[in-house]
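Chain naming follows the written order as A, B, C and D, and within any one chain the residues start at number 1.
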Amino acid sequence: MNNRIDLKFKELKESNKKALITFVTAGDPDIETSYKVIREMIAEGIDILEIGIPFSDPLAEGPTIEKASYRALASNTTTDDVFNLVKKLRVDYNIPIILMLYVNLIYKYGKDKFMGKCTEAGIDGLIIPDLPIEEVSELKSYASAKEIYIINLVAPTTKSDRLLKTVKESEGFIYCVSSLGVTGERKKITTDLSDFYNRLRSITNLPLALGFGLSNKKQIDGLKGGWDGFIIGSAIVNIIAQYGIDSPEYVGSFIKSLKN
Amino acid sequence: MNNRIDLKFKELKESNKKALITFVTAGDPDIETSYKVIREMIAEGIDILEIGIPFSDPLAEGPTIEKASYRALASNTTTDDVFNLVKKLRVDYNIPIILMLYVNLIYKYGKDKFMGKCTEAGIDGLIIPDLPIEEVSELKSYASAKEIYIINLVAPTTKSDRLLKTVKESEGFIYCVSSLGVTGERKKITTDLSDFYNRLRSITNLPLALGFGLSNKKQIDGLKGGWDGFIIGSAIVNIIAQYGIDSPEYVGSFIKSLKN
Amino acid sequence: MDKKFGEFGGQYVPETLMEALIEIEKAFAKYSEDPEFNRELKELYENVANRPSKLYYASEMTKDLGGAKIYLKREDLNHTGSHKINNVLGQMLLAKKMGKKKIICETGAGQHGVATATIAALFKIECHIFMGKEDVERQALNVFRMELLGAKVTSVDSGTGTLKDAVNEAFRQWTREVEDTYYLMGSVVGPHPYPVMVREFQKIIGEEVREQILLAEGKLPDAVVACVGGGSNAIGIFYDFIKDEQVKLIGVEAAGEGLDTDFHAATISKGSTGIFHGMKSKFLQDDFGKIMPVYSMSAGLDYPGIGPEHAYLYSIGRANYFPVTDEEAIDAFEYLSKMEGIIPAIESAHAIYYAMNLAKQLDKDKIIVVNLSGRGDKDVYQVAKYKGVEINEQ
Amino acid sequence: MDKKFGEFGGQYVPETLMEALIEIEKAFAKYSEDPEFNRELKELYENVANRPSKLYYASEMTKDLGGAKIYLKREDLNHTGSHKINNVLGQMLLAKKMGKKKIICETGAGQHGVATATIAALFKIECHIFMGKEDVERQALNVFRMELLGAKVTSVDSGTGTLKDAVNEAFRQWTREVEDTYYLMGSVVGPHPYPVMVREFQKIIGEEVREQILLAEGKLPDAVVACVGGGSNAIGIFYDFIKDEQVKLIGVEAAGEGLDTDFHAATISKGSTGIFHGMKSKFLQDDFGKIMPVYSMSAGLDYPGIGPEHAYLYSIGRANYFPVTDEEAIDAFEYLSKMEGIIPAIESAHAIYYAMNLAKQLDKDKIIVVNLSGRGDKDVYQVAKYKGVEINEQ
């Protein structure tokens, strides 16, 4: 159990805390700003960092992260730039780092080569929104060989048999999608979250992190279920969309507001 | 043999002359000008007068007479106006007068009523471009009852059997169409006119008047065949198109040029 | 061959054209009895026109209206999108047999022109199309389509620059080159033998309907409904049923902005007997016999006359003719689109509208067949404009 | 049911959609074996789509080219004007059986959208169509047409605002309302079971061709040619012949302004294996796996991927794929119009062009069947513009 993700959840559990997992698209609006934003977030005490690699067609994303992707592509951010960013972060930080990216970016890069670069850069896990459990075998052996976790997602629509299969195959934590639809802030989450949590908890001891649509402390505090962590994406990306290269301090304040 | 047309041709034959038959659209550009144009033409010695009643869709006409029709309609010229014009002419003149008009104008006016008005006004004959021999019976009895001639047309395309039938049914004179196509001036007439004339002369003693495309003295003098008359239309209408209400004197000079 | 239908019909044309009409009449008389000609025509109907056209049971419409069963004769699924192709195939084959090297024709919105250009391309015969200036401007795309098919299109700016003027100009052109040219008339109008000939080439519609409805329902329809411009699709579907007195024959004419306005083309409702375009029939005309400008948003119905056989059927009471306005036709256009997923030609939509009302008045055991004479792709732009929707293709 | 064709295919979609795909797969497996479903589908093919479509012997083209005999499979004469309707009928019937109340779909130029809106109207199912912003502007008339048919059209302005973005957005929308909504994919692309399902609903084309060509010629064709966007009309006509090794299967892809430029959509010629829109297949992409913007004047071929079964057939050498440029397609568009009086869809014109060249190289006893996947009315405006002709409808 050497993966930083496992270690982090163990540490949090021991101190009875929930993980704060935050997302940023690398290169939005440029790679230097991403670096600064991430440093601010880490300084404010996030637990796990999720970095998105921009893609031309992010079809699981709502408009917020989709546009971040286009901004990052406009600044010519490539997969290699993201590896370099992570390498630079690793000079100072030991925080678990997860890449969020679409499967084609890995496939085209070369599955083996990609995983090698992940290890080299110090990446701990991958979230691949268009790789359901049925297709995980596409990458699993390559990832495992380099001790990179593939974080599976489950959705409110996922039925028992596939839920069981998913949790069996999972490692690190399970990314629990809070509601139907794509990423993005939601006014209200209508899924019965305590039921969703209970169904999962009854079949796995893995950490369960809830994502999609979470945006502020009040909302998170009000959520039902004993979730082990929360993933915040669009709320942060929105701040970056608004403040651009000036966003690091604003993101920092936002993270602070979540921690209090 | 009381019809002015017959008398005129008899007179011309006796003095070994050919008939000059001229056309004008009544009401182009207004009925007063038509009256003046006609007076000029008669003064210059035309033999027979052909007056066109304007129609919305003169489909046997080339652009020259077609446009004259539209101008006459634009000045609101009706069939009744044409009857009045003829009546006014009859105060001074005994020249044969023929109306040129489309069959619907007669049909809609009322066949019997129309012929009555013709007699009353002093009209001698009718040229109806869309009434071939096959349909002449539509009007024949009505016209005959009022001693109005229906002048039949023959064309270079008319074959022997129909030519024979046509001359048998004809009265006054035969309107011989010089060439294929609609009315209007022609640079050259390519029909073999002497053959056309001979075919007709071999089967009838009626006067044969040639029309369509004739426009000046030189051209007429050069025509083959022993025609008994020539019909000039578009050449005159063109002058009216050019000079409008000032056209009477120009038409007069033109007629003079034909007579010399 | 009889040249008249009762008092209607005839051959009121310039002498220069008479021999050509006689030649066509003779050729038609000969070939219409010729088994080889008929075999070839049948093959063209099948392989080129895509016949037989379906008789489609409009179940959703029927259900929605709650009265008589409605069937649609799907002439819209023919090659080039309307019934016009039937007639063009027949006449083009005749022209070919006659050894003609050139075809001229008139067109309104372009349906007949496109059909003629299409078959002229296939037959490798030169094709010259006359189209009113107004229509050329309104239907620029159809002009390009005809040119694409190899035809020459001449814009006619005399008169009102619409269909009747295109006919005038085609006649004029014909007199110029009558010896080697065939005039391919687009509807059951004009001088004899056109009204007979075009009807003979269109009557396949009704013959198919008879067979199809007997197969589907075991009985004849109670009413057959068709729109009437010149009247070719209507006579095409009526003809085989004329002898069956129990089958009501209903023609629908364009009432444009309404019969109480000057903007309509309702020849039977508002016209009177006259002689024009070579035929005695009903026309919209003034007291002196001048032909009136007509109006319908439907270019195919925008004609001041009607075929002489319709005038005759009307005069003897065998067929009835009713007006439908632009607005009503658009209602039907939208209704059929939403109800059956069929966008009808705006011409055909006139017939649909009448049938919608008729169906409601009849019992469920009654059957109405409507001739869906063409598809509405050509009309979508115009309807959008009528509805105030801006279309700006780039 | 096998989810892959060799290495191609699969189900690379967000977790939220997986259960829906499984539900569709199950329903499809059940109903495709169900005699009642198949009877209803056959009836819809006949009564609504206007099937069987004719197999037309292009005698003039054959004569002119002087080589192999050319036959055209006339999918252009289907209701709504292309092969798209076959698939829409199949999936819509399935959706209805599954009790779905809403349909969503993507459309490029609008062909699939119009077909879907048409059948949704007939089936009284709510229909929501996603269309790229660029396409909405270029094809405003088709937008109005879909709305006329009762569909809701959403303009997608993300990405390049074209077909691939419309697919993205349709997927996004589907994740929002996956429980009562059916995504009706327009080609043999996307995650399993779409490529299998769409092929099954399109294979009727090839089955008919087999019967028709055997009747006409007593033997199978030597080559079958079809254009390839996603690949549904191609697989539809290929499928029944895959087992007949002697029948060459040829797909024609859009080379736009040329393979040496950045403006083409030649997926097989210039693409590489990747994973996108739920499937592993061939895509036009950069070195990092970003999907490239593509170009073809033909909106229906303007897609950066190809159906996985084609990638497979190509990989095993059973089918070959060749590029044809805009300019060549326009040549063929004009050629077929003038030669046979058939205006082809600009998509289909790509296939025609390839067949023109192939025919010249083959002996007269050889037979080529080309899938005429759609009619060209929709493209006349664009071709006119390409040729520099001003069209200004009023």
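Throughout what follows, a residue touches a chain if its C-beta (ideal position, glycine included) is under 8 Å from a C-beta of that chain, and two chains touch if they have at least 3 such contacts.
Source: prediction; values computed, not measured.
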Required minimum of steps from subunit A to subunit B, each step between chains that touch: 3
Touching both subunit A and subunit C (chains): D
Maximum centroid distance from subunit A, chain identifier (CA atoms): B
Where subunit B and subunit C are represented by their mean Cα positions, the distance between them in whole Å: 37
Separation of subunit B from subunit D, taking each centre as the mean of its C-alpha atoms, in whole Å: 67
Per-residue overlap in subunit A, given as positions that touch at least 2 other chains: none
Chain-level touch network, classified as line, ring, star, complete or other: line
Touching pairs - complete list by chain label: A-D, B-C, C-D
Subunit B - residues contacting subunit C, complex: 55-63, 66-67, 70, 73, 78-79, 102-109, 129-135, 138, 152-155, 157-159, 162, 177, 180-182
Subunit D residues touching subunit C - in the complex, by the definition given at the top: 46-48, 50, 54, 56-57, 60, 74, 77, 79, 81, 117-122, 124, 137-141, 144-145, 148-150, 334, 337-343, 377, 380-381, 383-384, 389-394
Subunit D - residues contacting subunit A, complex: 3, 10-16, 18-20, 158-159, 164-165, 167-168, 171-172, 175-179, 272-278, 280, 283, 285, 287-292
